[in-house]
Amino acid sequence: MVTTTATETPTLKPIAFAVRESLAAAQETAAPVIETRGLTIRYSGKPAVIDVSLLIPEQRITAIIGPSGCGKSTLLRHFNRMNEFIAGVTTEGSVLYRGIDLYARDIDPVEVRRCIGMVFQKPNPFPKSVFENIAWGPRINGLVRSTHQARELVERSLMQAGLWDEVKDRLHENGLGLSGGQQQRLCIARALAMEPEVILMDEPCSALDPVSTARIEDLLFELKDRYTIVIVTHNMQQAARVSDYTAFLVNGVLVEFGETPQVFTRPREKQTEEYVTGRFG
Amino acid sequence: MKTHFQRDMERLERDILYLGSLVEQATNKAILALTARRPELAEELIAGDDEIDLREVQIEDDCLKVLALHQPVAGDLRYLISAVKVNTMLERMGDLAENIAERALSLARLAPLAGAPDLTQLTADVRQMVKLSLDALVRQDTKLAREICQMDDAVDEMHHQICRELRDMMQQDSATVERALHYLVAARNLERIADHAVNIAQDVVFMVEGQVIRHGPKENH
Amino acid sequence: MSAEASSLGVMDRQQALRLKQRRARGAAFARLCWGFTWLAVLVLLVLLHHVSREGLPWLSLKFLESFPSRRPAAAGIKSALAGTLWMISFTALLAIPVGVAAAIYLEEYSRKGRLSRFIEVNIANLAGVPSIVYGLLGLTLFVRLAHLGHSVLAGSMTMTILILPVVIIASREAIRAVPSSIRQAAFALGATRWQTVSQHVLPAAIPGILTGVILAMSRAIGETAPLIMIGALTYVAFVPAGPADEFTVLPIQIFNWISRPQEAFHGLAAAGIVVLLIVLLLMNSVAVFIRHRFEGRTKW
């Protein structure tokens, strides 16, 4: 169970319990893949995420919403140890992946990132061919050993990402020649090629037009069957449309976590109500 | 600064409350026309029902617009859904009041019925329930709303009593049948007005708390 | 209002006048820039014309194949050309890997602290040190202490230290210019830092690195003073057979000929300059070609 440390906000601990309750109450038993316990993250002493304890249920889409600068991206990046590239980051509390502490001394961050992939806000395909973009990660990690395997993997990933038909004749053209929406789907395919268990998405549609956004949202529905997805978004309608669970952060603090329909029809906390109805933030 | 959305919502709320007050007046007029044999009131009321109908259509249209344009969630969404339902309830109450007025008109043209059932308590309760349900709506008062739900049992009981009395009367003297039937229908409509007031109260609870108390055993506080 | 003042009829007289002034100022500035550009080109053209006119008559295959001689008609730059090519090759071999590796370390691996900033400032300073100081350093360190003598190797190593700051700075800039989003993407796929650097950052930074290398090599090929200091000879009648041999370079040979009173030697010097320019041009073309190949694949 969650251990109580001396904190200034006693209301936070009950939320973690409520989460377990709400998960248990749901007919499906969605086991948590990622769990944080009392996670506090600071940038050079300034706290960005404060004492957050939440669960990411398996094979569901969990959205993290909140006003700008509330620590959503920081929290997300902590799940696959990407915050390590930023100087001056200190952590308290733990992040568990299937019960294993991700930040333990004997855990290799490279391995973590093989299981937990990431798609970024601005599409960032490598300045190489479409084929290379997708095959590179698996190749350096030893997931494919021959060109034949690589070709199969590339095709499979592109089909999963819904991009195959559009690029199957252009596999050896530069990835940067694709449109914005296609580039982002390429980045998703690239992440899928690593066959991770969890995919983290940091505002994946914020740089895209509505049609591309809709396509990617449809894609997320299909991916849900096989992957656990955590998506940070500042677009509330998107969170409402796409996710199964929603976590609401304000100033680094987890205010509410629950099933998305509940959060958007009967939020428990007043702050949540005010945020989702647009009264603040 | 008020947003576009908030202004629309406020206007909607004003319109519904105004419709509520029109319906309350209509109900009171209908009751008076019936019990005090005032056909002129009945005629006013019947003429005024057009306005109620028009407003109901307008309000429903506004709700639709707000839903489409603003895509509200949480409390705002519950408010809108309830507003649509309350709107319908109010219009039906208006129709029922109109019907009562028509009964009142018919009764006024006929000779007074001796031994007519005493509608004082029933009409008092119905008037009270209508008033309180609108109060609960204005003040978003769920405690009051729940109390209204409790009042419906008494009204139902009184209605049954009146029906029994009228039935006995009709069995004994066939000359009273025409007038007794008018009374029967009027009492029935009064009871239905009370039911709609309860529905409005239940919608108020949904609006504020998100709880649905429409079905199942009567709720405790 | 005058016709030119307000075409749309939305400006008053004063605004229209201001607009005219702004346009005039802009045009004047553009013309100034154009003038300066052509001035620079003109200077270059005059130089080339002068050198070609004097030197081309002396330029021949015999010129390239002969050793220097007291008789102008028989003199050639074989030894100097060979020496330059040897020196440049070894310098490139030493400076490029060391410089690029240093840049990679400083940009990708070292922790950004006071030490790193200290190193950065010092490298920048070293780039501005007069070349003769490097000659002194080379003399002491390579010729005497390391017992390399007045050899091609000593000369190359001296030139390496000379151009290293330029290579490092340019390479660092090129590596820094690679967007961090590329690195993040690579890391997120479970790549180690070395995999990311070697397979994504470096290939993308090559155009910039090569620019730095071109600049550095161009400087190296024209340096005279430090090589004289480390003892490159002025009269050499043989071609170096290996890095341990003594040598001379084109600038020294040219300087030698220019200092002679006879008119004929001036013509030879001019021919030597032409040869030097051609070598420079060829070197740069190779670099530009390589850069073009890599740039074609890398577009942001």
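In this document, chain identifiers A, B and C correspond to the written order of the chains, with residue numbering beginning at 1 in each.
In this text, contacts are C-beta pairs under 8 Å (C-beta built on N, C-alpha and C of every residue); 3 or more make two chains touch, one makes a residue touch a chain.
Model, not experiment: these values are computed from the prediction.
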{"item": "Innermost chain, where centres are averages of C-alpha coordinates", "value": "A"}
{"item": "Centroid comparison with chain B (C-alpha atoms), farthest chain", "value": "C"}
{"item": "Chain centre separation in whole Å, for chain C relative to chain A (CA means)", "value": "48"}
{"item": "Distance from the mean Cα position of chain C to that of chain B, given in whole angstrom", "value": "93"}
{"item": "Chain A-chain B separation of Cα centroids, rounded to whole Å", "value": "51"}
{"item": "Chain A residues within the chain C interface of the complex", "value": "80, 82, 85, 87, 110-111, 113-114, 117-118, 120, 122, 124-128, 136-137, 140-141, 174, 176, 187, 190-191, 194"}
{"item": "Chain B contact footprint on chain A (complex, rising order)", "value": "236-237, 240, 264-267, 272-273, 276-278"}
{"item": "Chain A contact footprint on chain C (complex, rising order)", "value": "111-112, 179, 181-192, 195, 199-200, 204, 297-300"}
{"item": "Complex contact set, residues of chain B against chain A", "value": "3, 5, 71-78, 210"}
